[in-house]
Every structure is written in structure tokens, then in C-alpha cells.
Amino acid sequence: MSRPFAQQPTFDTSPARHGGSRWLAYASPVRFYPLAGRMAPWFFAAAALAAIAGLWVGFFVAPTDAQQGEVYRIIFIHVPAAWMSMFIYLVMAMYCAMALVLRTRLSSMMASALAPTGALFTAIALISGALWGEPTWGTWWVWDARLTSELLLLFLYLGFIALESAIDEPRRAERACAVLALVGTVNLPVIYFSVQWWNTLHQGASVSLTAAPSMARTMLVGMLLMTLACWMYAIAVALVRVRCLLRERGLAGVVDRQTNGEGA
Amino acid sequence: MAQAFLAIVRHDLALAWRRRGSVLSSLLFFIIACSLFPLALGPEPQQLRALAPGILWVAALLASMLSLSRLFVQEHADGSLEQLLLSPHPLAVIALAKTCAHWLTSGLPLLLLTPLLAQQYSLPAGPALLLSLSLLIGTPVLSLIGAVGAALTLGVRGGAVLLCILVLPLCTPVLIFGAGAAAAADAGMSVLPQLSLLGACLALALFLCPLATAASLRIAME
Amino acid sequence: MRLASDGPSADTVLRARGLSFSRGGRRVFEGIDFDLKPGELLQVLGANGSGKTSLLRVLGGLLPPDEGELSWGGQALRPADPNLLQSVAYVGHANGIDADLSPAENLRFAARMGGVDDSPARVADALRSMGLDPDSQAPVRTLSQGQRRRVALARLSLLRRLLWLLDEPVSSLDAASGERFLAQLGEHLRAGGMAVVATHEALPEAAQTLRLQG
């Protein structure tokens, strides 16, 4: 009585029945798998181009800062990484909300695919923050509001990943992580606010990595290009990871030699 | 619905009394943890007094995490949780009742002990009482957030540590405001801002956490 | 809210259409259809692992089915719909009682949660009907498996719900207690109640049988 799960698409896959919304058909894991495969290389290419442009602007075009010298250039990595870490968490939470409300498996898999990349960007933000702090303030770590918030965000990401790997049953793991991500999202503004409040209360707010030099236009362009590069990279990596997850859970409609299409 | 709420609280309190060993052991952990810091930091009264609010708050936070790991576990194992999910009462109300009972057996004893432990830190009576007040508002929030974590990690391997990993970052605002209130009290400043922020956290948690706990319980039982 | 059965009428029917459920990539059951009317017993048969427990949990709203729908009294049901739950009494594999409380305390709590009279007299009656001592203060932990099962089953006569969902109710009971319970089940059906029972025992009153392949 057991039919291979892969043969039962979660959604009706014929585009015609969805009227104007052809895209809804791609909510089917079976259809999304090849689409993701085709899209990923383009995003990688876009990421590479934007990164080259951004780094060139950041390291060669933008002027040297009067106060901080060349060291400030790490802002072109630190700030985009920090922005992306927050943005990815919000996108993750959006997918989790979709997964809970619409009960679609692909949404939760997108969230799971994004989590490690989000954690990576958070780590990059923290490390680049440390690299900035050492020559500037003489210490490797500074309890700056932004860095502290990034640290807590890293814990939220790691918690999400830990919960997912601890629960064996994939569907329960997806839904549990979805609830966790949503609770984290509601909590995130509270965390940011409290850390900001804590920071201003305890020190003179002079120690701040966000006290960026007044932005020359080229600096802003460089940061935006790097942010774009990070964004394209995040999408590309998420697409690749989602394909892996689809295969792992036997939803890709691809018969793997080892699993014989029976799924996890 | 109110009858069911009270029935659950009474029932859980009766159970906690029967299992008072585990209730007392998390309390004992709190006491021991508070005694460790002077041993580690040195007995100088001025330094201890300055650090007291933070240390006591962190110890309370960790003790709460320990006691939260036993929330729902026994009920899950013997099938009573299943029966609660089959009750026609809203699961969020049931979750809130269980969280309330849990706080009465873990958070409340903690804050009653705090003025005594504050003596170890040479914290004067006024700030010590304000510290207890901050715990009074803050520990229910810890229980509420922790209940969500407990429901998510129900029956999962490595449950207790995983619970801590998930819940501690979410509790940092409470820690900041709570310890901040006590520190402000000791410095002679107004505690009203911190306490009102704590109160706001409590209000938000009272509204959202039971819903999240209910959703997590259903997910755990599927 | 009156949680005890409001009395069956001809429309209080539990209807299932096309219920299917899968777990871990495996189809546990599919295409389950039945109509259960007051006074009827549906027996669910099948080998271990064929999905009997899953079916009962789907009926009780603990598991959402992949496909299909359930309706109660003509109204479609959401999972864990209070409309159904207020008329359901469920006894699963686990007994659902606290080992640290006495049988009477357990039943009193069940009565309060179920919105029925929790007087000591009623609780004592329910315990006596399952052959248990109502005055015992000993925690359930000290009772045997069979006795614990009987405490769980005593909940049924206490709550007086219309639909009983029972998963292997008499498996850990001795022959005499098992007979006694099956007699109670018969009385419940004659009074207009309904039941879905997963069991290997022969149930002569079974109006319908469902055999799961798994």
C-alpha cells in the first residue's frame, strides 16, 4: 500500500488550473527542483560581478578616511554582512509563517536553506567587527550595541539550526523551527531595543562601530554593491541547499540510486 | 474556562508537592550558584554589592531554565498531555495555566529567597527588595518564554541543553531590564523606566507565549 | 457549556470521507470512509503498525489527515474542533493518568476538566464500576498495569461522553476485568453512545468493521 511519496505532489502541478498565477505551480517541490537548478548559476554570477564591483569601489575608489585611515574599509564587509544577517532572518521568518499557515513543505525548506547562510553573515559581521575594533580601539571585542545584537542574532540562528538537527522527524522539525523563528522575529525588535538601551546606559556611547565617517557617495555606492553581492550569493546558496534538502527528503521527483525514491 | 484554568493550577501544584524533591533541587541550585560567585570573584564587599543585581539575575535565569526542562515532560510520558490536547478548552488557556503553576513553584520561591541571598552580597534592604520586585515581574516572563521552548523540545534528545540554547537569547531583554532595575535602585536612581519596560515585556509575553506554546504542543504531539 | 452528551439524535453522525494519512514517506492509510450513528460500534482491525492508532488520533484531532474530511452532526470539522472534542472520550495506549496522584484524585481532575460533577460519590461510583477501591489514597504508581488501565477506563463512565475512541482498551486487563469493561461498552452503545475501538478482541456488537492493511 505504500506508494513512493515522491510521486504525490503536494500541489496540483498543472499551471492551467491556476488561471493567471502560473508561479503558484512552482510551489510544488517537484517543479521547483529543476527551476532552482537553472536559476542558481545566474545568481552566483550576479553575486560575483557585484562583489568585484563593490570591492573595487570600496578598496580603490573610495577616499581614505581622515580619522580612521585605511582600516575603516572593513565597513564594506561589516555593514553589508550585518544588513544581510538581519534581512535573511526576516525572510526566513516569512517563509516560516507561510509554512505554518499554508502547510507547504517547500516554504519550510527554504527557511532551513537560508538559516546557515544567515548564520554565516552574522559570523562575518562579528569577525569583521573584531578586525575593525582591534586597530581602532585596541581590543578584539567591543560591547557595542550593533555587535551585541549581532551576537544574539547568531545565537538565534544557531538555535534554529540546533533544533532542526535535534528533531528526527522532518515534518515536526520544520514546523517546530517555524514556530521558533516566528517567536524569534517578534522578540528581535525587543532585543535590539534592550541592547541599545543597555549600551547607552552603561557607557558614554562613544564606543560605537556604527560611528561611521560621514558617508562620501562612493562609500555608500560601495556598501550597496557589496550588499547586493551578499544578497545574490544568499539566494544562490539557498537555491542549491534547497535542492539538497528536496533530494534528502525524497521530494525532488528524482529517483536516487541509494534511496530508490522512497524518501527519508 | 476559568474552572479548567483553576483545576489545572491546583492539579499541577498538587503534583509539584508530591514531587517536591525536584522543585527544591532547582531552588538549591539557585542558592549554590549565588554562593559560587563570591568564591570566584573575591569577598570584597564593594565589588560584590556592585555586581549583586547582575549575578542574582543570571543565577535566577539559569535556575529557571533548569526547572523549565521538567515542564510537560512527565505529562508527555504518561499520556496526560494527550488528554489535555483532547480537551475542548482552548489549548492556549491550558498552556497558560500550566505555565502559571510552574512559575508558582519555581519563580515565586526564587524571588522570596532573593532578599536573603542579597545579604551575602551586602546589598542593602531597599535595593534588595527592588531586586525582588524586578524578579516578580521578570520571572513570569522567563516561565512564559521557557514554556514555548519546553514545548518545542518535548521528547527531543538533548532536550534540557537545547532548551537553554533556544530560550536564553530570547530572555536577554528581561535580563537587561531586570538587572538594570536593581542596579538603578542601588545607585539611587529611578527604577520606573526599567520596571515599566519589564511590565511591557510581561504583557506581550502573556498574550503571545501561550498561543506559541499551544501551537508547539500540537506540533510536538503530531 | 454542557460537556456531557446532549443526547444523541438521528443527526449526530460521525462521518469520514476519504481520510488518508502518511508518515515518513509511507502511506499509513488512505480512502477511509464510514458513517457512525448513535448506538453503533466501529471496530478497527489490522496488524501492528497498520495505522489503527494513527486513525484514532486523526479522529480525535491529534493528527491532521493529509486528505479527506470529517464531519460531526453534519458540520465539517477542523482538526481539534471543540464541537467534536466536547463529545469525545479518548483512551489511547498511554493511560493518561498521573502516577503520583491517587486514582480518586486523577478522576476528580478529569471530572473538573471535563466540566462534569466531581463529587466524591460520583468518582467512587466510577472507580467501583471498574472494580477498584475508591478509598485508596495510594498513588497510581503503586498499582499494577491492569489496575492503572482500569483507572483510565473509569474515566469513561465518569465523563459520559457520546463518542468513545479506544485504542486496545482491554489489552493489559485480565479476562474478568476485560469482560466487565466490554459489558460497560455494550451498555454505552445501548444508551445511544457510539464507539470506535481498535482491538484484537472479538466484539460481537460491532456494527461495522474496518480492516487496515498498513
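We call the chains A, B and C, going by the order they appear; numbering starts again at 1 in every chain.
One rule holds for everything that comes next: contacts are C-beta pairs under 8 Å (C-beta built on N, C-alpha and C of every residue); 3 or more make two chains touch, one makes a residue touch a chain.
From a predicted model like this one, the values you see are computed outputs, not experimental measurements.
Asker: Taking mean CA positions as centres, which chain lies farthest from subunit C?
Answerer: A
Asker: Please indicate the chain closest to the centre of the assembly, with centres calculated from CA atoms only.
Answerer: When every chain is reduced to its C-alpha mean, the one closest to the whole-protein mean is B.
Asker: Taking the mean of the C-alpha atoms as each chain's centre, how many Å separate subunit A from subunit B?
Answerer: It comes to 32 Å between the two C-alpha centres.
Asker: Round to the nearest whole Å and give the separation of the Cα centres of subunit B and subunit C.
Answerer: Inter-chain centre distance comes to 36 Å.
Asker: Roughly how many whole angstrom separate the Cα centroids of subunit A and subunit C?
Answerer: One centre to the other, that is 47 Å.
Asker: Touching two or more other chains, which residues of subunit B qualify?
Answerer: Expected reply: 222.
Asker: Which subunit C residues sit where two or more other chains touch them?
Answerer: none
Asker: Which part of subunit B faces subunit C closely enough to touch in the complex?
Answerer: So the residues of subunit B in touch with subunit C come to 3-4, 7-8, 11, 14-15, 18-19, 74-75, 77-80, 82-89, 91, 218, 221-222.
Asker: Give the list of subunit A residues in touch with subunit B in this complex.
Answerer: Listed in rising order, the residues of subunit A that touch subunit B are 100, 152, 155-156, 158-159, 162-163, 166-167, 171-172, 175-176, 179-180, 182-184, 186-187, 190-191, 193-195, 197-198, 201.
Asker: Using the touch rule from the top, collect the residues of subunit B that touch subunit A in their complex.
Answerer: Interface residues on the subunit B side: 145, 148, 152-153, 156-158, 162, 165-166, 168-170, 172-173, 176-177, 180, 197, 201, 204, 208, 212, 215-216, 219-220, 222.
Asker: Can you name the residues of subunit C that touch subunit B in the complex?
Answerer: Within the complex, subunit C contacts subunit B at residues 1, 3, 60-64, 80, 82, 85-86, 88, 90, 92-101, 105, 109-110, 112-115, 139.
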